[in-house]
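Right, I'll just put the structure down here and ask away after.
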Amino acid sequence: MPHPGYTSGVIESPRLEASGETVAVCGQQEFVQRTQERNMKVGFVGLGIMGHPMALNLIKGGHQLFVYGKRRLPVDVREAGATVCDTVKAIAENSEIVILMVPDTPDVRSVLFDPGGVAEGLSSGKIVVDMSSISPIETKLFAAEINKKGCDYLDAPVSGGEVGAKAASLTIMVGGPEQAFAKVKPLFELMGKNITLVGGNGDGQTTKVANQIIVALTIEAVGEALLFASRAGADPAKVRQALMGGFASSRILELHGERMIKRNFDPGFRIELHQKDLNLALQGARSLSLSLPNTATTQELFNAAAALGGKGWDHSGLVRVLEHLARHEVAKG
Amino acid sequence: MPHPGYTSGVIESPRLEASGETVAVCGQQEFVQRTQERNMKVGFVGLGIMGHPMALNLIKGGHQLFVYGKRRLPVDVREAGATVCDTVKAIAENSEIVILMVPDTPDVRSVLFDPGGVAEGLSSGKIVVDMSSISPIETKLFAAEINKKGCDYLDAPVSGGEVGAKAASLTIMVGGPEQAFAKVKPLFELMGKNITLVGGNGDGQTTKVANQIIVALTIEAVGEALLFASRAGADPAKVRQALMGGFASSRILELHGERMIKRNFDPGFRIELHQKDLNLALQGARSLSLSLPNTATTQELFNAAAALGGKGWDHSGLVRVLEHLARHEVAKG
Amino acid sequence: MPHPGYTSGVIESPRLEASGETVAVCGQQEFVQRTQERNMKVGFVGLGIMGHPMALNLIKGGHQLFVYGKRRLPVDVREAGATVCDTVKAIAENSEIVILMVPDTPDVRSVLFDPGGVAEGLSSGKIVVDMSSISPIETKLFAAEINKKGCDYLDAPVSGGEVGAKAASLTIMVGGPEQAFAKVKPLFELMGKNITLVGGNGDGQTTKVANQIIVALTIEAVGEALLFASRAGADPAKVRQALMGGFASSRILELHGERMIKRNFDPGFRIELHQKDLNLALQGARSLSLSLPNTATTQELFNAAAALGGKGWDHSGLVRVLEHLARHEVAKG
Amino acid sequence: MPHPGYTSGVIESPRLEASGETVAVCGQQEFVQRTQERNMKVGFVGLGIMGHPMALNLIKGGHQLFVYGKRRLPVDVREAGATVCDTVKAIAENSEIVILMVPDTPDVRSVLFDPGGVAEGLSSGKIVVDMSSISPIETKLFAAEINKKGCDYLDAPVSGGEVGAKAASLTIMVGGPEQAFAKVKPLFELMGKNITLVGGNGDGQTTKVANQIIVALTIEAVGEALLFASRAGADPAKVRQALMGGFASSRILELHGERMIKRNFDPGFRIELHQKDLNLALQGARSLSLSLPNTATTQELFNAAAALGGKGWDHSGLVRVLEHLARHEVAKG
């Protein structure tokens, strides 16, 4: 392992999934297409907490899936009939549309461009769909590279978490060309509900980052406000209720405010994931020469949450850092 | 006036209003009470932008108003039949309920406790209602002082602005004893719609501060997010629309987000007033030994808005500071 | 006590000191002047932790002191021959130069302008010297008011703490007219060593605020750096030593950095006093429409220190807040 | 180039330097060693602004240098007798000590571990010395990898800039084993003056990060203080002078404070480099679960400086962001 902390060479990352005994060997199988026009050959790379139920939903929707087979492959994906390939390149060779759902920017880069990766298996007319949440700026570079192969690229990050992935109710924010969006839309509709084509490549990822900025900072705002109220002697539950009618009302005050009062910090959306997303925002801000002062400060508060043992808390647990600083809790729960 | 920057002595503050020629001299007039049970004798101190329409709504509701007459008194208040008194003390002597609507904590202190002030005119059983937005901590001290006179105290700050004051649609957040709240409620209902008794004295002001923290920080969050999106090349209007469905949705994203995109920074709620409110939050935080990091940073951004000429902008104009730092505007309007 | 939280009326504040049995009644005593040209009649209001040793140094220097006698007066000040007056006004009547050394802006305002205060006792040609640390902005207003009496005003805040006050080694930062500075300089030289006339009225206070901004923020910077180093596994003592040679070197790294490593948080300069000083900076920033982002954040960290029980810690104890957030201490001491 | 934004494969990065016509082909030349004990075979990778003069100083000191020859190689390095190699691997094969001086963490990783990189050319007993400023956390991983080859690793970042590199007066902060330090020390002494072995691997980089935190935050502090003073009407030059005697004194107040007053923002040390260093601090803070609130905010201010066109300004130009927010300059210069 010559590159500490970084994956390279032929794709064998433990973050990607594969089978032990391959059943259906890719490239050597014939599938009967049920619905001529809708049944598509879809590659899916990244069968983790999110990708696994998303892939199942695509199979249930009648599509033929090509997945990676060098490591653990969820049994139900194989049993549902996914074709297992030896390389990511082979997935791309066999699919019209290749979907990625991996942890971070370097993983997408690696899956796409490492030797044996997606790029090597593409041919003109195919579509790459990255549903991971990664850098909008690098997304544009990736898309340009893929375009050189004669292929379209869609960035299509999601929100809604594991619950939304299982329930096929994800919000999907898409960037890319309209005709590619139209072609992939039936697949999106098998995975999510609130599906928006925001603009060109990168705009999907940009929208996701904007979403994560607002969510984090609104949680922090609700935390400061409820802590102030509680420390000043007011009942935070009544304060929350009084505020829900006015300008301070938000989904965060409603849901995460209630979590802070009821002391329910089981995820939901984990703090360590929100740290990753704010890091995308802050790295983007540096690239774009933007000041995001409250995003920056909120990231530092998330770091403190991690120090308090909170990497796995729901992001509403950010309030615990403010409480820790004040030696006072919003509520006793 | 030997005390620069501070009001003391007999109440003659230019911030309070009074008449030129007094018509109805207080204490010497008989009013025919229209509705035996509801018609109350109400003192009203502070006929400014907010207090003026609020007082008119009380008169329209059939109540007898006692107002201050040493300086400018809005003509329509006098014509509507308000009784004009020479001192604030006289207002308190003639009223069952004394309402204050003045700019800041020192004004309330002065109106209540200076020589010739409200406290001197109170007698057991009367109620003082402070509808100004002031310090929750000092409010508790003021209430305790008033209670010594055998009188109840309600802190009842509002949100909704001049528009809400005129339309009698203010949100009113009340702290104080239930029986006093019950007695004053008919008056509140002539001025507002969303009326909540949050808890004991101070809790109304605390709720208002909590509201202003959330509103300011959510505006800032929406500003950072839309600026990021726009600077990264996305259409901020489409981003806002995509976000409205999910966890990032809020009244602020809806209304103030639209202002940022449409470039409408006419108030609304002025930045200099929000600076005053965040100052209450931050002074309170120091008293209570609380850290409010994003409130503190947002106050500094409001200061910068003021430097850019924005004291009179709607508070959504906070985004202009972020834009100024980035040399990039969210939208061209 | 009609004004909760605020002192008014004739000066009887417990913050000022006075005698039980007055020995020398002011206005009725003759003192033999030792040095014709240097021996001055000096009023001194505020014999607290700082003022007490400063006043003694003036008496030792051969000057005739007039002090306030309604409350506790340090025995040694009385025994040293200070003349005790019944009112602050009487102090001003009997002195050429009146020195103030009181806690905060409202105290200065009260001592100067309340009934029975300094202003009432002034006559043309006298000099008021405020050595308290207060608002530069209000200082200008105070000076203008005093000037109307035909008197000069010097703002002359100090740094160096109780140790410097006793050792007559205070740093004194002065604002005001040159001729007044020249006249008072012999007194300053009995109290301090590093004496600078920075500019006109307010500039002394402004310099003190600037000093306190830099000191607080440099402490915070050293805290972040040593905590980073320690948490990353380096020996903070060796890191501090390595840094002392380069651009990072400062008095704070030298002295307060050592305190952080040796775990010595006995004051020194107390956190609650630094909170007061940063509040002057931040209120000034609001008045002047300035953004002081790191001052604002550092104040919130001081608030957290107070919540951890640290109001009385030396200001280097600010590092404990960063440590508390990281669950890691710079050193074990 | 399949990996946008990332270097991999055989080392051909434009950030590294090489010759057009190779004169001395490495591995095929005999050098007469002047000083038997001191003359060492030294590989040097990274002949940029810093590395170029550092390498020349080593050659002047009598050492035999092996450098990379695929791209631009400074003429004077070749003329001074450096041996030019075709691969980085060959440099390592020919040298006892391999020095790296490249821009960032990924560059070090690439130079060390890519195919054809340093690691492939190492044999037991050699020493790798990384004088770049990179991540302390990844440094530990790199060192552990190199140790597996039977080689020691020193992290030895510098401060002092191009001026210090030319004058051989750099400050060098070293992490690694004592015996390796002792062996390399004669080389360090040809490049710098203030040379400290802080601790084990990573501690050199950690010290550098700590240094950059303090320097950035002290610049920011001095900026806030001088801006406050100037905006409040005081002469910033006199304020700076008054502060230099006390607790606020620092090298930064002395040198960068003067730059702010004299308006000299020519580098010195460029803002874009300080952005990179604070990014190391902030990425480290996330990894270590630390909150560095003022480092985070100061990074955002540097981002704003970049937006104002200041990537190439001296880092004291940070004050311009505060000035931009206040619409007021510290001085007219």
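Each chain carries a letter (A, B, C and D) given by its place in the written order, and its residues are counted from 1.
Heads up, the rule we're going with is that a contact is a pair of C-beta atoms (placed from the backbone, for glycine too) under 8 Å apart; a residue touches a chain by one contact, two chains touch by 3 or more.
Bear in mind the structure is a predicted one, so any value in this text is a computation, not a measurement.
Against reference pair A-B, the listed pairs A-C, B-D or C-D yield one interface repeat, C-D (criterion: more than half of contact pairs the same by residue number). With chains reduced to the mean position of their C-alpha atoms, the one farthest from chain A is C. Spacing of chain C relative to chain D, judged by their CA centroids, is 43 angstrom.
Computed from the mean C-alpha positions, the centre of chain A lies at a distance of 55 Å from the centre of chain C. Centre-to-centre, using mean CA coordinates, chain A is 36 Å away from chain D. Listed for chain D are residues 285, 289-293, 297, 301, 303-304, 307, 325-328, each touching two or more other chains. Chain contact summary for the complex, chain C toward chain D: residues 136-137, 159-160, 171, 173, 175, 194, 196, 198-200, 202-203, 206-207, 209-211, 213-218, 220-222, 224-229, 231-235, 238-239, 241-243, 245-253, 255, 281, 284-285, 288-295, 297-298, 301, 322, 325-328. Chain D makes touch with chain A in their complex at residues 2-6, 8, 109, 113-114, 119, 138, 141-142, 144-145, 275, 279, 282, 285-286, 289-293, 296-297, 299-301, 303-304, 306-307.
Contact residues on chain A toward chain C in their complex (touch as defined above): 293, 297, 303-304, 307-308, 321, 324-328.
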